[in-house]
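There are two complexes below, and they share chain A, which is joined by chain B in the first and by chain C in the second.
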Partner chain A sequence: MKELNKEQITKGLEVFQNLADSKLVTHLNSCVHCGLCAESCIYYLATKDNRLTPARKVDLVASIYRRYFTFTGKFWPGFVNARQLNKETADEMVDLLFGACTMCGRCTMHCSIGVDIAFLVRVGRTMLSNMGMVPVTLQSTVNAAVETGNNMSIPEEEFIATLKWMEEELIDEVNDPNAKIPMNETGKKILYTLNPREPKFFPLSISAMAKIFFAAGESWTLSTKMYDVTNYAYFSGNLDEARLIAHRLWNEMGNLKAQTLVLAECGHGSRAFRWEAPNYLQEQFPFEVKTSVECIADYIREGKIRLDPEKIKDVVTLHDPCNLVRSGGIIHEQRYILDQFIANFVEMTPNGTDNYCCGGGGGQLAMSEYNDRRMKIAEIKAVQIQKTGAKIVVTPCHNCVDQLSQINVFFKLGLKIKTLAEIVADALILENEPG
Partner chain B sequence: MATLEIEGRVFNVDGDGFLSTPELWNEDVAKLFAKYDGIADMNDKHWSVIKIIRRNWEEKGMAPMIRTICQETGVKLREIYELFPLGPARGACRIAGLPKPDGCV
Partner chain C sequence: MFWYQWITLGSLGICLINSSIHLLRLVRLGKPTDFSSPAGKVSASVKYSFTGAMNPLKKESAYLHLPTYVAGIIYHLGTFLSIALFFLIWAGVNLPDILIFPVAPFLLISFACGMGILIKRVVKKGLRDLSAPDDYLSNLLVTFFQLMTGIVLLLGQLIPVYFILSGLLLLYFPFGKLKHAIYFFAARYHLGFFYGWRGIWPQKRIERDGG
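Showing the complex of A and B:
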């Protein structure tokens, strides 16, 4: 393997220079090595491998900072465990920061002194991105989004044909020839977004949300140019690419003159746009942004949709996507929705902001390199679900849906995995219900 | 590179179990991969889905949209998910010998 070149090292170390505030340096210098974070991390819990504890990940990034930016680290690196940025260090960073972290942020919640560990992991990922060391599988998903406008490289005509197909399904299902999946209409109240895996492979969630908009009498549209809610660049650590992707969605709101951007059920997409984009774009939204979870909850609250409590008899549990719940604070809305019509609802333990990650976050699903580890940590979630006795797992995140679907097959759980829109659409009461 | 052994045959695969050299695929390989996923016997519907996916990949270099799969095979959308419990990507595309598609799959 080739040693790092000078340019790579310079670029890697740039993350510690010209800082806008003291957050990074404060957090890099604060870990007191109490070890509490270990028990919060699914990688440590599943493997009991000390190397995978969050504190070790923090120290890896901090040790490089010490080596180049502190007096003792520069002259007596051995005394303060300061590490040189070389191939060996960078490889270890790739393995721990990309390969053994879903950036779920559970460690950050449990840290005894409030170190933002997930933030430090992302800074480490940015270093690796600057050095051109993002795992190829993750980078190829980012490249697809940057080059084609969506992360699965779906051609626009294929996308349009899929929406028309789903519109026919919708017309049949709601028994109304006027039901529509509007495309590129200007001046609508809502611009809705999608995760590209929906049109490519799992379009039932598109017709489900369209059915909800139909029932609520909503004024909405999709864009066929820019509809991708995901932003994998936020996970690869390349903020220039993250900005480019976020700007496209931002601009499309202007192009179509919509009032509210509704983000599809996508944890990281919601986080990367709604909660993080104003920080990395240094700009406030001139329009409203909300998640489809809040949108559906509002429809129920305002009496715009009604749900049939007799429809779903199975035991249902809820998986909380880390980015939506722990990071975004969308905790009660999904429970409020399910409480309207699910008779047999059982919570997982722990749940809400303390829930365990599904194991597929932080770009893990895209990175084939770490598949074995990903299925190893998934056992925690499998056991957690099994203990609820549920037959249906609902989760408002397509990425979690995919990981949970694999868990379902791998651990032979015999479950149905659904998005929130799908289970709501199943129980919608329509005026024109076909007999 | 990882390897996957099914009934004595060893395949080079990526970390997700997708064939590293898609050109080495044939119907016997498909049967073995299907068996590995718990599909003991591939029926006509399985085969029609697999063949459309394979043909699309050979002609266009990518997995087809689920719409193309359904419309060309006549298999209903919901049935695809029953035929391939791991779904069209990790299930059907893998059995058809394609590289893993990008994105949240």
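Showing the complex of A and C:
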């Protein structure tokens, strides 16, 4: 490909001006090149490739900033390693910031200074997005969401048919002909969202959550028009597209006059909507937003659902989705839920906010060009799981389910991978349990 | 006052002006705003960011690299000590022997730590690839500032060299990576804000340990 044109360079550099708040300026100026973050990153741990360390990713973004926005970088670029934004730099950015980072934020927690490395990676991705250099695979996922309302381009009729099929499953499961999956009903307490992977590949997770709502006697609905909890534009770095996608879900809350938006088990979707969307939109939500993990924990606390501790005998472990845990603060709720009915639970080491990413975050699952690298880094998670001796891995994230399922096959682990709703639904005690 | 003290005083003035520019810019850019509804306490988290989160047992950058971490801590202590001593030496205050004898050897140890960190940067390929001339110069200026402080305390000699070196260090401070001394505090604040707002810090222990 040819050199970057002037417009691309201007648009790339504009990010430093448009987003220049004290957080950005601080993190761009803080790295001391100690290199002590290397071992905190799965990419370095699995490959031992010095190019893939968090420090190199930070420095790539900061070096461009130095070149154009600091005195030393303008006049003695070589002295402070200030790099020009050209084709070579941009290509390296694509490879490192899109292809070698899941934006998991583990390095940030361990950085000796406190540089928000994942935040700077995202700033770099925004630059590339402004320059039209988002990998086509990731961009096509974003385009699908923008053009069709969901990132898998599932037509509405197909989605409705899947929901009807799942409703039949639900009726059988709960042995109640009145059980339903409500669609587009107004004035309900909860508007529930889905990761489009669910209707496409894992429809039983829809009926699992419906079973929990049924058992809790919840007033809820799904929208057949706008149900996609994901926002891949958060990963591509395109703020306009991220805003557009977030706005649709907000509008649907208004259309259906629901009180609470419950975010499906999707780490990045939860993060993108609960924490990031109000900032893209520069507005506070006029409604409550919570994750399905919190919702299930509340049902247990309030005695709305009961779980059978005899149901699951296998050893169970938990994978903490980075976006939900390290960047979303949902750390204890999933453990509280599993504590109620899992007798043989083993934590991974490390876990919680210190967990290792599964390798599928940051849009990696959408970027097939990095598949080999993605499966290489997955080795860290595979070993971690193996050490627990678990037969079931639970994770409250469909993206993680997808990556863990691939890890399961690739490393021949012989596991069952389940979402939290699925394992809870398996152990639900129902009044009308079929005999 | 000697000519070299005037030079150092001038450098200190330039250093303060340029450092203030960094600081004032951060102040002007203001506190972060977040439109999401908070799940935790920012003030407690910012406090944790400067305390509990800096615990070496909590950071891989510390406990996986203990020799470097310990050397880094000693090196930074040596730097703070040398800065404090700079003002005393500049004002012509003589330290009593009872203080010189622990302080000067400590500065020699911190000098050795600085050299160790520098050698690591030269020898380790990953670190070398990450480094710019700025990294080497910053280290050399601070490391030799500590050595010269120790020499001046112990021998009372090479005073002009000490002041010229101090002047160079002060002049360079706001332009290279040494300015992390300013940004470090802002970085810890922002990290505390981010994790506090989302209810992640201060960290609560995960009660269950499985089994």
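Definition applied: the second predicted complex is superposed on the first by the 432 of 435 C-alpha atoms of A that agree within 3 Å, B and C clash if a C-alpha of one lies under 4 Å from a C-alpha of the other, contacts with A are read in each partner's own complex, and residues count from 1 in each chain.
In the analysis below, a contact is a pair of C-beta atoms (placed from the backbone, for glycine too) under 8 Å apart; a residue touches a chain by one contact, two chains touch by 3 or more.
Keep in mind the model is a prediction, meaning the values are calculated, not measured.
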Could you classify chain B and chain C on chain A, in the superposed arrangement, as clash or fit? fit
Partner touching more residues of chain A, whether chain B or chain C: C
So in the superposed three-chain picture, is A:Thr193 touching just chain B, just chain C, both, or none of them (first/second/both/neither)? neither
In the superposed arrangement, does A:Ser292 touch chain B (first), chain C (second), both or neither? neither
Can A:Ser112 be said to touch chain B (first), chain C (second), both, or neither? second
With both complexes superposed on chain A, which partner does A:Asp21 reach: first (chain B), second (chain C), both or neither? second
Based on the superposed arrangement, let me know which partner A:Glu39 touches: chain B (first), chain C (second), both, or neither? second
Answer with first, second, both or neither: which of chain B and chain C does A:Thr141 touch in the superposed model? first
Look at A:Glu369 in the shared chain and tell me whether it touches chain B only, chain C only, both, or neither; answer first, second, both or neither. first
Can you work out, in whole Å, how close the C-alpha atoms of chain B and chain C get once everything is superposed? 25
Taking the touch rule as given, give the residues of chain A at its contact with chain C in the complex, in rising order. 20-23, 25-27, 29-40, 50-51, 53, 55-56, 59, 71-72, 78-81, 108-116, 274-279, 281-285, 317, 326-329, 331-332, 335, 339, 344-347, 351-353, 388
List of chain B residues in touch with chain A within their complex: 14-18, 37-38, 62-63, 65-68, 71, 77-78, 85-90, 100-105
Using the touch definition up top, name the residues of chain C that touch chain A in the complex. 22, 25-26, 29-32, 34-37, 39-40, 49, 53, 59-62, 64-65, 68-69, 72, 124-127, 129-135, 175-177, 179-180, 183-184, 186-188, 190-191, 194, 198-200, 203-204, 206-211
Residue ranges of chain A touching chain B (in the complex, touch as defined): 137, 140-141, 144, 151-154, 158, 161-162, 165, 169, 195-197, 199-204, 230, 266, 365-372, 398-399, 402, 405-406, 408-409
